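Paired with subunit B in one complex and with subunit C in the other, subunit A is shared by the two complexes that follow.
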Partner chain A sequence: MANVDLQAVRDEWVGKVYDTTEFPIDAQHLVDWAVACGETESRFTEPDDADFQAHPGYVSHFTAGRWTPKGFPELGNGRGVDGGKAVEIFGPIRPGDVLTASTEIADVYDKTGRSGTMIFVVNRMTFRNQHGDKVATVDWRQIRATDG
Partner chain B sequence: MILDLHTHSVRSDDGRAKVDNYCQWIRKKELPLDGFVLTEHRQYDDTSDYRDLEDQYGLLILKASEVETDYGHVLVFGVNDDLVHAFDFARVDNPIGEVLDAARRCGAVAAPCHPGRVNVGLFAHYEAKGPVEGVDLVEIYNGGSRPGEDEFSEARAAEFGYKGFGGSDSHIVSRIGYCATEFEDPIGSMDDLMAALRGGRFEARTWRT
Partner chain C sequence: MRFSEVELGDDLPEETQDITMERVQLFVKTVGMNFPRFTDHEFARKEGLPGAIVPGIMSQGLLAAMIHRWAPGSHVRKIDTVFRAPIVVGTSVKMTGAVTDLDDDAHTVEIDITVVSENGATNVLGTAVVELEP
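Now for the complex of A and B:
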């Protein structure tokens, strides 16, 4: 098992927002992203489309100002890898929107695999538009190796 | 009747497969599966209801768990309220003896999976700590095994007299059915499955190339 009390880490850190950043949405960026993804649907690639909006994966490229909150404990042995992102969309993101992303630690847990015990730190960015509507969440998993 | 006894859906933290997509894939690819068991990591999913999918696709969909112990990962079939409270499913270091005892006491069936795998396989721990009592079944064919792992599992299972079963350990849709288990009797429920496992009326199957 990871040589750290993960329940104590969860109790102290999960749910605390540690970064808030604004992201203005530009039409050309939306088109560029969709085209780069190989998207062909006009609602993602044509600004003149009546339903033009961000491709579902668009928000995944935004990052918070910090990876972890100030004072967050060093977990694992220093080796880490990117565990990928999971995006959930709740509403359309349109050009001209200004998204506000609030970032929190959503979970900290461990698991075992071929390479031993690993600690997962899940950062969640919650995006709301200028009307206060939640439009997306992005969960990013950082994987920390341990010596266990 | 052929069931894949080891699959993960998006309910697992590393699962990328939706259950309805598993069903679509099985039918589209005409896989020889009659159903599958969802064995989510370190939890028991007591909320999802897949009966509509079972009816729509004519497949049996059962729910179990994959828990982690000091002797590697263990599949638990027949999880119930008593068992959920008998040990902490979320822990990664449950003593295997406690898991096996709890399963037996609560009417479930516990069986180590991918036993030939380093760090998380039963037989890797046997090398260091010796065998444990109470193991009857192990997964000898696992769809995520590296070359040599299943052969090692099969040989060691035979040595210890453990009956072997198969499961794909799929985390994405296209991996379901790589390995499975063929039963002599019809299986229509978790009780049927546990009875067949206890009775040894099955054979492990693999379609890995």
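Now for the complex of A and C:
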């Protein structure tokens, strides 16, 4: 078991927005992302398409100004490794949109396996467009090894 | 592909793609991740990597594109992937998908997705929830 009270960490930090950043959406960036990923549908690759929009995972490359909130405890050994991303899409993202991302700690938990106990810190970015509509969330899992 | 045509256990058409340096360079330039670990094999090897590696979020994009080819016009509502092992730039990968759940009310299907490298290692695995036409 990790030598840290994760319930106390959750109680103090989960759900508190610690960063807000704006991201303007550029048509050529949307095209380049889709083409690099091998996309073949014109609604993702052709700006003239009436339904032109961002590829599903596009917002996953946006990052907050900080990895964790100021004052967040050092958990495990170092910054850790990328444990993957979950992207949820609620509506289309179009060129010219200006997204505002609010970032919070969504969860902190641990798992113990053959290689010991690992602490998972989940950062959630919630993206809203200039109309206030929630268009996407990205959950990024950071994994931190412990000595436990 | 419509929701009514899908059955539990259906496999998506397997795809093999060459992940060229040119594609990765376009991707990292677009997303502002133009770091040598993604574009310079020698630099990456000095960092202990097997070579320049494909950004994890790009592999997620490859899988979404595969889903769109299986079901044109569909909407990926959620995609969740774990990056288990690096994909080396300049190699071929095999991408797979299998339908594991259906929601009759929402007309969504859940798909297990993987990216497997030439040596048979599973590099990326995860799930996607996709909304289809009824």
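For the reader, a short list of remarks on this structure follows.
Everything that follows uses one rule, which is that the second predicted complex is superposed on the first by the 147 of 148 C-alpha atoms of A that agree within 3 Å, B and C clash if a C-alpha of one lies under 4 Å from a C-alpha of the other, contacts with A are read in each partner's own complex, and residues count from 1 in each chain.
Basically, a contact is a pair of C-beta atoms (placed from the backbone, for glycine too) under 8 Å apart; a residue touches a chain by one contact, two chains touch by 3 or more.
Everything numeric here is computed off the predicted structure, so don't read it as measured data.
Annotation: superposed three-chain arrangement on subunit A; subunit B versus subunit C shows a clash.
Of the two partner chains, neither subunit B nor subunit C is touched by A:12. With both structures placed on the common chain, the touch criterion links A:61 to subunit C but leaves subunit B unconnected. By the touch criterion defined above, A:115 reaches subunit B but does not reach subunit C. Touch criterion met: A:29 reaches subunit C, while subunit B stays clear of it.
Contact comparison for subunit A: of subunit B and subunit C, C touches the greater number of residues. Touch criterion met: A:39 reaches subunit C, while subunit B stays clear of it. Touch criterion met: A:85 reaches subunit C, while subunit B stays clear of it.
Two complexes overlaid on chain A leave one subunit B stretch from 4-12, 22-30 or 94-102 clashing with subunit C, and it is 22-30. Shared contact residues of subunit A with subunit B and subunit C: none.
Residue ranges of subunit C in contact with subunit A, taken from their complex: 17, 23-24, 26-27, 29-33, 56-58, 60-62, 64-66, 68-69, 72-73, 75-83, 126. In the complex of the two chains, the subunit A residues touching subunit B come out as 1-2, 109-117, 120, 141. If you check the complex, the residues on subunit B that touch subunit A are 13, 41-42, 68, 72-73, 90-93, 117-120. Subunit A contributes residues 29, 32-41, 44, 55-57, 60-61, 82-89, 139 to its touches with subunit C in the complex.
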